[in-house]
Every structure is written in structure tokens, then in C-alpha cells.
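In what comes next, subunit A is part of two complexes: it sits with subunit B in the first one and with subunit C in the second one.
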Partner chain A sequence: MPDLGLEVLWKGKNFVRLLGGLWVALRISLIAAGISVVLGILLGVAASRKRSVSSVVLRVWLGIIHIMPQMVLLFLMYFGTTRLFSWNLSGEVAAVIVFSLWGTAEMGDLVRGAVSSIPAIQRESAEALGLKPAQVYRWIILPQAVRRLIPQSINLITRMIKTTSLVTLIGVVEILKVAQQIIEANRKASPNAAFGVYLAIFVMYYLACRPLSLAAKKLEKHWR
Partner chain B sequence: MDWAYIESVLPLYGKAAWLTLRTGTAGILLAALTGLLCAAAIHWRIPVLRKITAAYVELSRNTPLLVQLFFIYYGLPKIGIKTDPEACGIIGLAFLGGGYMTEAFRSGVEAVDRIQEESALSLGLTRFQTFLHVILPQAAAISAPAFMANVIFLMKETSVFSAVSLMDLMFTAKDQIGLYYRTTESLFLLVGAYLLILLPLSLLGTFWERRLRHAGFGT
Partner chain C sequence: MAEAVLSISHLTKRFDDQTILEDLSLEVREGEVVVIVGSSGCGKSTLLRCINALEDIQGGEIRLRGDLISHNRKNLPELRQKIGMVFQNYELFPHLTVLENILLAPVKTQKRSRQNVREEALALLERVGLKEKADSWPRQLSGGQKQRVAIVRALIMHPEILLFDEVTAALDPEMVREVLDVIVNLADQGKTMIIVTHEMSFARAVADRIILLEDRRILEESDPETFFTAPKTEQAKKFLRTFEFNRKNKAEA
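So, the complex of A and B:
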């Protein structure tokens, strides 16, 4: 059995430190996901009306987000806006802002798609029965849209969790950074630590994302 | 904005953009190949291979590229598998993309109505002919939008290559910011270079998708 450097994981507080690093990354994605869901629903519902200002805003916003790599957006926020407006932005805050901007646009598009996928006759029937516009949304449109929306939003959150691994490149001390510290500190005692530690991170990310994508898949089938 | 400076570093960014384009294209081609093989293994229900493929797809789709790259670049050499940065980037992209491509191709093949296969077989075509002449053309048209979306997604993913010391666009921009504090110019060039790569790709995708919508084959 070759030395896989797995023993490093159980030494001292290393494993807990790694989990702590993972939590830093997860926290960023969860905060951003929360903001994105709220703002995305508002934006999406507003944009679901054809030829409205918000639908144009959403389309342009989405275009920018889609064409630029997340990494570039992070750089623009972290290096660009701090230079432009000479404010101070920690890597973590910059990441939350970028992921919220990204998530809101994506979520907005999902909501818009889900709302406009509902046949017009549903709205018309409800209105004919005397429901007010707000009531139509609350009782007719949203319950149907949500079925489509929930699996897709779970997928979006999974993507967000995966993307937060990038924040290490703008200096946030998250799981990959902690891993580098651990490997560096144990270089003499276990030279193969890099294998064990990075394998562990690989597995951790899988365990964080897999249940979510599985749930999304199940729900999608269930509600079809 | 210091235009003289921009002009002086333009070759640097050109080289970096070429690296991004080169590694990205190689990785995407490998990913497409992987996806085809995996989709075939799933489609024809090849016993053991099918299980392995399914596990691989889940693994590659549920982990970030950055983590995959770190594992390949820093982890694998410890058990004797060494790669240079460029190969690592390409392999990482192919590993990630393979999973996404498998899904794209698989869903395309699955979407072709069963009766198509049955009709072709009953007309006397062999299994292979059926696949090549009946299933594949229809599946390709259905898969195309997802395939194109994957291509753009993977090209964007190359932006993390700098983490394994590939001197790509991100690396160059970060270097220039760190060394000379040329933040505005560096970011301008960075965005410009990525637009130059990604905008044509995105337009091509839209164009192709529109063309293929006419190839609905009666669906």
C-alpha cells in the first residue's frame, strides 16, 4: 500500500479545520443564494410581463453574466470596483456581491420562464372568476410555477456551491487555502499529504452537492 | 487609461488568450469524445461499464473544476502520476466536461422516439445502421443546444487554470495588477480578451440552434 497521505487528516484539528474551510465557502453560497432567491423572484415576476422595462433589464443583465466567466466578475468586483470607488472590500463580501448578482439574474430568468410557461387560460379563467391580480398570482400562478421552479433553483444552488471554490483565488481563506496550509505544515512528517487532503476535499464537495442534485432530479420526476 | 501601456502588454495578453483558446479547445474536444463514449456505454447498457460511467458522471458534475484541478495537479503526483500544467488543465476540463457532455448526448438519444428504432429495424437495417442513419442524426439535432451551452460553459471554466500555474488571461491580469498596479488597464484587457473569445462562440451557438430548429424531423 503506497503512502496516500491520509493520516494527515486525523492529525490534531486538521479535519475540523478543513470542515471549517468548507463552511466558509458554503456560507458565501448560502447567503448569496438567499439574496438571489428573494431578489430573483421579484425580478422574475416583474420581467414575466412581455415588453416591460424589467424584462429588458433582466435580458441585458443575464447577457453580461452569461458571457463573462465568474472568475472575471470576481476580479472586476474585487480589484476593479475597489480601485474605481476606492472603497475596501474583503474577498468574502466581494464574492457574496458577485454571486448574488449572478444568482439574481439566473433566478430571475428561471422565475420568468416558470411564470410564462403557465398557459394564459389559467390567468384568464381566474380573472373571469373575479380574482384580483394579486390573488391570481398567489393562488393560481405561483403554486404551479413553484413546481417547475424548485428543482431548477436547487440546481442553481448546487452550481453556486461549486462556484464558490473560486473565492480562494481572491484571497478568501476557505477549504482549498486551509488545505494548502495543512499540506505545508506537514511537509516533513507526511510528504504525500497533498494526495490525501485534496482527495478529502474532492469527496467533501461531492457529499455537499450530490444530495442536492439528487433531490432536484427526484422532484423533477415527481412533479412532471 | 494608459494606452501606451496597453499597447506594450498587448502581445502578453495575445499569448495568454491563445493559451486559453488552445487548452480550452483541446479540453472541450476531449470532453466531447468522453461524453460520446460514456453516452454509448449507457445507451447500449454495456454491463460493468455502464455503472462506472454513471458514477463518473455524478462525480464530475458534483465537484468544482478547481478542486479537480488541485487533485490532479498537486495530489496525483504523490502516487506517481505527474502532469505538466497545460496537460493538467486539459485533462481537468475533459474530466469535468465529459460528465456534462454525457448528459447532453444521452438526453438527445433518449428523446428519439422508440418507434424510430423499431421501424428501422423492421425495415431490415442492422443495429449499427439504425443507429448511424436513423437515431444519430435526430439525436444530434436534439443535443445540439445543450452541447453548445456546454462548450461555452467549459470555455468559461478555463478561467480557473491560473490556479495550476498556467499563464492564461486571469494569470496575466493578476500578475500585471500585482506587479504594476495597472488595475484599470488589466481588467479592461481581461474583459476585452474574454469577449473576443466568448462572444463569437455565443453567437455561433444561437445561430446554430436556430438552424437546427428547422431540422425537427417531424417532431
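So, the complex of A and C:
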């Protein structure tokens, strides 16, 4: 059996360092996901009204986000705006902003789609009962829309977690950066470390994303 | 003569350039059951939807005990609480249980105590034969059961007037009866109602007054016996004949 380079993981604090890197990645994506869900719902509900200003804003915003590679957005935010407006952004904050811009647009579009897919007569029958517009959204439209949203929004969040691997390029020390450091440092002692370390990362990403999709399945079943 | 609960005067409703209802006036008195009939597309359902301000209107006005029903008024939700509406396709909320469907509006809009409404809801469900379904989901019910729940959901608001929009049109024939029985029962209790239906024998049995809607207006208005035995206008005769013909056709098919 070839040397898989796994022993590197147990050297010193390597494993804990990797976990720390994973936590950085998760922290960025989960904070951004939280922001995206809240803002996305607000934007999506507003944009679900046909011919509204918000629907145009969402369309344009989404268009830009879809065209731009996330990496370009990260560079633009981290290197571009800091220069232009001479403000100070840590890599992590820049990443959270970019991921939130991305997530809010996609989440907004998902919410818009889900809200529009609720038949108009559901809203009408709620209005006919005397519910005010905000109450109709709170108790009738959103609960039904959220049920339809779950699969795609979990998909969005897992894509966010995966995409955090890019933030190493703006100097954030997340799991991939830690991995490179470990591999570099052990180049002589364990030449196969790359395999072991990246295998460990694979498992860690899997374990981080798996509970999300399990939770989504469970919710879907519960609400069926 | 009893007081008018609902008065519609000179109502005009257009969709784009198509006029659906024109200069239509109608009063419904306390405890009265008005049945509206007419061929498909004559605007019966639109009329009911206008009463509830689910459609905007292009002329005239609709008043519930003197209060103007209008999109421009802040009190529209409160007025709608007093107008119970039952739709053709039930429109129960699929994410709520039967009981929650019924409790939602009184608890959220009338701020009544959950405990009290719950007791009333269970009593009403018992009256329509569905007490054991209180914790079921709408998808577990038959069409007739869903429609009875929808009626209870309207009744629990203690509306001044009930609107029934072809409530049996989507039902399998064997379930029509169970729903109509409930409505006849409500008529016996003296509830004020406007009913749009294609069930002629039901119309005859339940109505205090029959209205034939044709050509954007009220063409004929009379008590059920007169309407069915001695219709005044040629169009009314024709309408009733069409119905007979359809029935024969159905029987042969």
C-alpha cells in the first residue's frame, strides 16, 4: 500500500489547525447565508410584485452576479474598493460582503419564484377572511413559499460553503490555505502529504455539508 | 321589511375594454337567501368577487350596512371579516391543519382568545360532521369535506353575509349533497346569503329570491316558484330550457 500521507495530520497541531481553517470557511459562508436569507426574503417578496422597481433591481443585480465569476467579485471588493474609497476591509469581511451580495441576489430570485408560484386565489381567500396584506404574507404566502424554497436554498448554501475555497486568494487563512501551509512545511518528511491532507479536507467538507442536506430532506418530508 | 345588509348600486365592472357588469343594482336584506343563476361567463362570480373587493370596480358602489367597500378605504380588512366567502375550489391553506385553517383568521384579525375560538370551531365542525377531522391536513380530505371545512372557516368569523361561489362545481356528484345540506341548514338558521350555483333544484329549494344574470345585468328577479314555473322573459325560458337539454345530454352520455 502506498504511503497516503495521512500521518501528517497527527503531527503537532495540524489537525486542529485544519479544523480551525474549516471553521473560518464555515463562518464566512454561514454569516453570508444568514444575511442572504433575510435580505433575500425581503427583496424577493418586494420583487414578486410584477412591474415593481424591486423586480427590475433584482433582475439587473442577478444579471451582474451571474456574469461575474465570484473570484472577480472578491478581487473587486478586496483590492478595488479598498483602493478607490480608501477604506479598510479585512479579507474575511470582504468575503462576507461578496458572498452576501451573491446570496441575496440568488435567494431573492428563489423567493420571488416561490412567492409567485403560490396561486393568487390563496392570497385572495386569505384577504377574504379579513387578513391584512402583511398578515397574508406572514401566515399564508411565506410559509408555503418557504416549503418550496428549501431544496434550492440548501443547494445555494452548500455552494457558498464550497466557494469559500476562493477566499484564500484574498489572503484569508481558511482551510485550503492551512492545508497548503501544512503540505509546504512537511514537503521533505512526508512527500505524499498532499494526498492525505486534501483527503481530510474532502471528508471535512462532506461532513460540513451533509447535515444541511439531511436537514433539508427531513423538513421536506415533514412538510410534504 | 328587514334592513338591507348589502346594497349594490349602479355597479359597473370592466376588464380592460370588456364590460362584465353594467349599472347593476341589488339589495340583500337581513336573513335573505339570494341565488344568482345565469350561463357561464355572465359575470356571476365576478359579481361576488366585487362584493368582496377582490375585483376593483369601474362604477357605482357597494355598501355593507352603509359602509362603503372599497380598496381605497383603510377599513377594508375589517369589512371583509364581515363578509364570508366560500370558493369553488375550497382554497384551504395546505400548510395548516383543518383546525388551524379555521382558527387563523379569528385569532389573528379579531383577536379572539384561541381557547374560545377552538371550542366554537370544534362545535361547528361537529355540526358539519367533521369533528374527527380537526387535526387532519387538507390533502387528507375529500372535496366535499374540504368544502365543508371552508364553510366553517367562513362561519367562525360571524359574518353578516355569506357568499357562495359555485361551491359544488368542482365536486364529484356524490359529494354535492353533503355540501348543499350544510347550506340549506344555514338558510334555515336565517343566515343572509348570496349563492351562485348551477344546481337548479338546490336553487329552487334554498332561495328566497332568484336572480338571472345575463348580458351584464339582472335580467329577471323573482321568487323561485315564479322563476321556475312562469319565467317572465324569453331569455329566462331559454336559460331554463338549455339547462334541461344539458341534463338530458348528461343522462345519455
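Methods note: the second predicted complex is superposed on the first by the 210 of 224 C-alpha atoms of A that agree within 3 Å, B and C clash if a C-alpha of one lies under 4 Å from a C-alpha of the other, contacts with A are read in each partner's own complex, and residues count from 1 in each chain.
Following the convention adopted for this analysis, a residue touches a chain if its C-beta (ideal position, glycine included) is under 8 Å from a C-beta of that chain, and two chains touch if they have at least 3 such contacts.
Predicted model, so just to flag it, every value in this text is computed and none were measured.
Chemist: What is the contact status of A:N192 with respect to subunit B (first) and subunit C (second): first, second, both, or neither?
Modeler: first
Chemist: Just to be sure I read the superposition right, which of the two partners does A:Y205 touch: subunit B = first, subunit C = second, or both, or neither?
Modeler: first
Chemist: If we overlay the two complexes on their shared chain A, which of subunit B and subunit C does A:T168 touch? Say first, second, both or neither.
Modeler: first
Chemist: First (subunit B), second (subunit C), both or neither: which does A:S52 touch?
Modeler: Neither: A:S52 stays clear of subunit B and subunit C.
Chemist: Contact-wise, after the overlay, does A:Q181 reach subunit B, subunit C, both or neither (first, second, both, neither)?
Modeler: A:Q181 sits against neither subunit B nor subunit C.
Chemist: In the superposed model, which partner reaches more residues of subunit A, subunit B or subunit C?
Modeler: So, of the two partners, B touches more residues of subunit A.
Chemist: Answer with first, second, both or neither: which of subunit B and subunit C does A:L129 touch in the superposed model?
Modeler: A:L129: touches subunit C, not subunit B.
Chemist: If we overlay the two complexes on their shared chain A, which of subunit B and subunit C does A:S117 touch? Say first, second, both or neither.
Modeler: Neither subunit B nor subunit C is touched by A:S117.
Chemist: What is the shared patch of subunit A, the residues that subunit B and subunit C both contact?
Modeler: None.
Chemist: Which part of subunit A faces subunit C closely enough to touch in the complex?
Modeler: Per the stated touch rule, the residues are 121-122, 124-132, 135, 139-140, 143-144, 147, 223.
Chemist: Using the touch definition up top, name the residues of subunit B that touch subunit A in the complex.
Modeler: Residues in contact with subunit A: 58-59, 61-64, 66-68, 70-71, 74-80, 152, 156-160, 162-163, 170, 173-174, 177, 183-184, 186-187, 190-191, 194-195, 198-199, 202.
Chemist: Once bound in the complex, which stretches of subunit A touch subunit B?
Modeler: Spelled out, the residues of subunit A in touch with subunit B are 2-5, 66-72, 75-76, 79-80, 83-84, 158, 162-163, 165-166, 168-169, 176, 179, 183, 191-192, 194-195, 197-199, 201-202, 205-206, 209-210, 213.
Chemist: Across the complex, what residues on subunit C touch subunit A?
Modeler: 52, 54, 77-83, 85, 87, 89, 91, 93-95, 104-105, 108-110, 153-154, 157
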